[in-house]
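Here chain A shows up in two complexes: once beside chain B, once beside chain C.
Right after this comes the complex of A and B.
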């Protein structure tokens, strides 16, 4: 809700009603309820342990926080969530820290692009998941999944940054040059701020891909558990409601992180063109 | 850059640092109160490598990788499965119920090839001094399949019993495994009852079907193909040596494989084999592309069947493949099970017999197994 428009209304609820936004919310709620109902019906029709109904999954979700069976790799859910989030943050931070300077250099300097592009083009089409077995052997189950996330997030961020640098308004560059700005000044005062929205778009795409990578990587092996490991461990024992509970947790975590990325994007993007 | 922007950047970096720090602190394991053996999942084929590069301190593995790791000098056998459970059942041959009902002759013929392959291996090993050439051929077939040397295959052959009979002893071992899984909460008596079995003994009695094996004895070579069998197996697992031999086209003068001799065309549903029995059982439950028959460890065949849905995963054990032949191999620094406290052991997967073996070893020594 934009703060300026919200200020005109007494409360959020009034805002929803006066602007007709309540209709959107109701349709969204109906969609969600409809989905759960369809799932339930499908589960009843299928009548198989492989497709549990929403109530069984919810029950399994609640129980997943109360212990587990560590001898078979089933750790308590809170421990898995902590492990996945840590892994996500570490892999993503690493990807961002490398993609930012590399992307800026490749976008800004022709020489940088000539060096970087062939390597990037070779590695970009390889799905991060394809690296998982290799990473597990070479880097072990602690760093392996982190590097998989790194690869997943790195390329979308990098591509967006390069594209962002190239999309800087030439009029701005010319104006800066005319006013006698040094190359480094043009880079920090014109190129960098103009690239920020592109960086954030890359971050948002990277977040989504990173979550997919984390689950796949953890399913093959991850030190200290993880929601992907949990799903795999429950699958090993054919505990399907628990397996679906893990999938629900992944969905929630994905939505939350994507939400955070979008908020950040909204907050950071107005920087563009301020100076 | 104005001050506001610098402050914002610093704040963002601080928040990220705090989140990472907090997450790291939260995930630091609290020291376990009980003596613990940690495990990580690694396929037996790579366990020699991960023990060698000290990623893990040991591994529970199937042959020939036990012998491979020992002969490579990477590790020593700390506990052999035959000392833990003498003559314990290991791999079995399973068949999908609907496939067996529709194609009983094909199942019989497949088992005939399995029986003949077992006999050929036994004869070849028994006559190795009088007929070294055939023995070398056997070692070569095993080495080629498992990616190990012939010396390793020779050692592995001495560490396992290859036999197709579903003996009372074999079935009693399967009862023991089922009871272990119930004790470990990996399955339940409720699941046994829900499948219509009154007891674990009753379940194993019904789950193992000897009639195909008995009928197989009378099967004669067939000039025409009886049909295709989608045959599943485990990667590099020499417990299933009979399948590898029955696939080989060099042991018969006709140039046919044993399967072909009895009219069976083998199709590989998962080229390269499955990583562990649990994954193989999951494939048997798949909506399409299911294997028809498969070689796998008896524990995953039991566990996944009991926990699965009989409308999707309905198989029976129709022959034995081997007994014994697994071991806990450890780094040279480890001399006793007590030394395993806090150490990491590679396991092929939670549903494998090797994993069950690790849990049993830990339990006997007052320790627990926890995933690293």
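Right after this comes the complex of A and C.
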């Protein structure tokens, strides 16, 4: 449709006003402003280098993109971001690629569950971060952080897929059978599409956990930089505004990836939650 | 030879203690002619749905046999189409794609598939909704999709498990009328499970009244009135009364209830 984006924007604004949603938005904005104000006040009262105020952090954030600190091996922020995102994508893709077939098998076949369940139950309670030292020793600083992300994202995706396969509406299975579907076609044409919303829910949860894992892993050691490495390096130099700037970057990246996952979730299964 | 033949059918379920058995269907025998509209009527839990599921191939009998055109059936097959109370539509598929599901499984070429699905979309009155998703449709429209999907496979027998039970009274009456029109156009044999006496009297050539569990045939009522039938007529009321009386006797032996209304549960 031509001129739709302007029209859509206008209709959305009218919608906000008509439904009183603008009030929610104003309160949310006020909450954000209030938080920054509180931070500023706390920083003034504490009056310590460990807690810089928002302006100092913002300044450090802007500067972090301009060349880094080469004599201490600190890369410019954009290179750290690139390194972290690459690691995130690699670890996450690996987790998804393994969790999908394993989850489908464990959900669909009884013996699949009998084989997988004990192993999964042993590994699930171990926080991925606890693996970091081991991974760094065994796998080195390139693969170590990637495997940490893998572990962080793997279990939420896996358990959501298993749950999804088990939650398939039995009437749909009956309907497919009466229409001539056999075991394999039931799987590909009914079980798999039914599971999509659950896969996406697992992905969304996995994204959040993966970001926490990546920072922790990078702080302990990662080859080729990363936002976590940046935080650690600036901390070692007692550059606290820079350290906080790194944290802000992590927060923003986390929000953006989660946002993408949520949009994807809606795109892939618009029928979710509707009868 | 009749087209659908159910002979000496028994269905027993093991009870929780593993020893005694629960008999759901007891020695059920029925011969159905091609093009006949049969209603299975009985109190809740009488085994009528179990019976229908066995005919569909979704459950298996403990003993006895079912044949269609002389061929013994075992498991589901495209010679039987089923319509479910809860619709059972695939929510990720459009109306058109739902109706084409069975044809896809037969590996039919796309143009041919489209021709058939379009024919049934027109038949059930869903033209213009081809690309809608099930969640965008009302209950009555969903069941139109369910009927079209079952018919697209061109089954010999259409099995309907309380198909209008989830609909409101007005929609239900309309759908009954629509079903009779579709039945006349397609000349299908229909096996229709209901617990509504009114619905059975309105639709059926023969009403098979079942006993309380273990379910077997109590009595068969043949109705050869013209359609559409007048619910307000004397004879309609008389038949309804007679069947209700039969069912009440059954209710005395089981604590379940039966309704004489178009409203469903």
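In this text, the second predicted complex is superposed on the first by the 252 of 275 C-alpha atoms of A that agree within 3 Å, B and C clash if a C-alpha of one lies under 4 Å from a C-alpha of the other, contacts with A are read in each partner's own complex, and residues count from 1 in each chain.
Keep in mind that, in the parts below, a contact is a pair of C-beta atoms (placed from the backbone, for glycine too) under 8 Å apart; a residue touches a chain by one contact, two chains touch by 3 or more.
Keep in mind it's a predicted model, so treat the numbers as computed, not measured.
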Completion exercise
Counting residues of chain A touched by each of chain B and chain C, the higher count belongs to B
Practice task
Figure out whether A:233 sits in contact with chain B (first) or chain C (second), or with both, or with neither.
Solution key: first
Handout entry: Partner chain(s) touched by A:89 [first = chain B, second = chain C, both, neither]
Key = first
Practice task
Applying the touch criterion given at the start, work out whether A:196 contacts chain B, chain C, both or neither, answering first, second, both or neither.
Solution key: second
Practice task
Considering only touches as defined above, state whether A:185 meets chain B (first), chain C (second), both or neither.
Solution key: second
Exercise for the section: Considering only the touch criterion stated at the top, classify A:175 as touching first (chain B), second (chain C), both, or neither. Expected result: second
Fill in the blank from the handout: Both partners, chain B and chain C, contact chain A at residues 271, 275
Practice task
Please give the residue numbers of chain A that touch chain B in the complex, ascending.
Solution key: 47-50, 69-73, 75, 79, 82-83, 85-86, 89-90, 93, 136-137, 140-141, 188, 221, 223-225, 229, 233, 235-239, 271, 275
Fill in the blank from the handout: chain A residues touching chain C in their complex are 169, 171-172, 174-181, 185, 189-190, 193-194, 196, 269-271, 274-275
Exercise for the section: Would you mind writing out the residues of chain C in touch with chain A in their complex? Expected result: 53, 56-58, 76-78, 80-82, 84, 86-92, 101-102, 104-106, 133-135, 149-150, 153, 159
Handout entry: Contact footprint of chain A on chain B as seen in their complex
Key = 1-2, 5, 16, 19-20, 23-24, 26-27, 29, 39-42, 46, 49-50, 55, 184-187, 278, 282, 285, 303-304, 307-309, 311-312, 349-351, 355, 359, 368-372
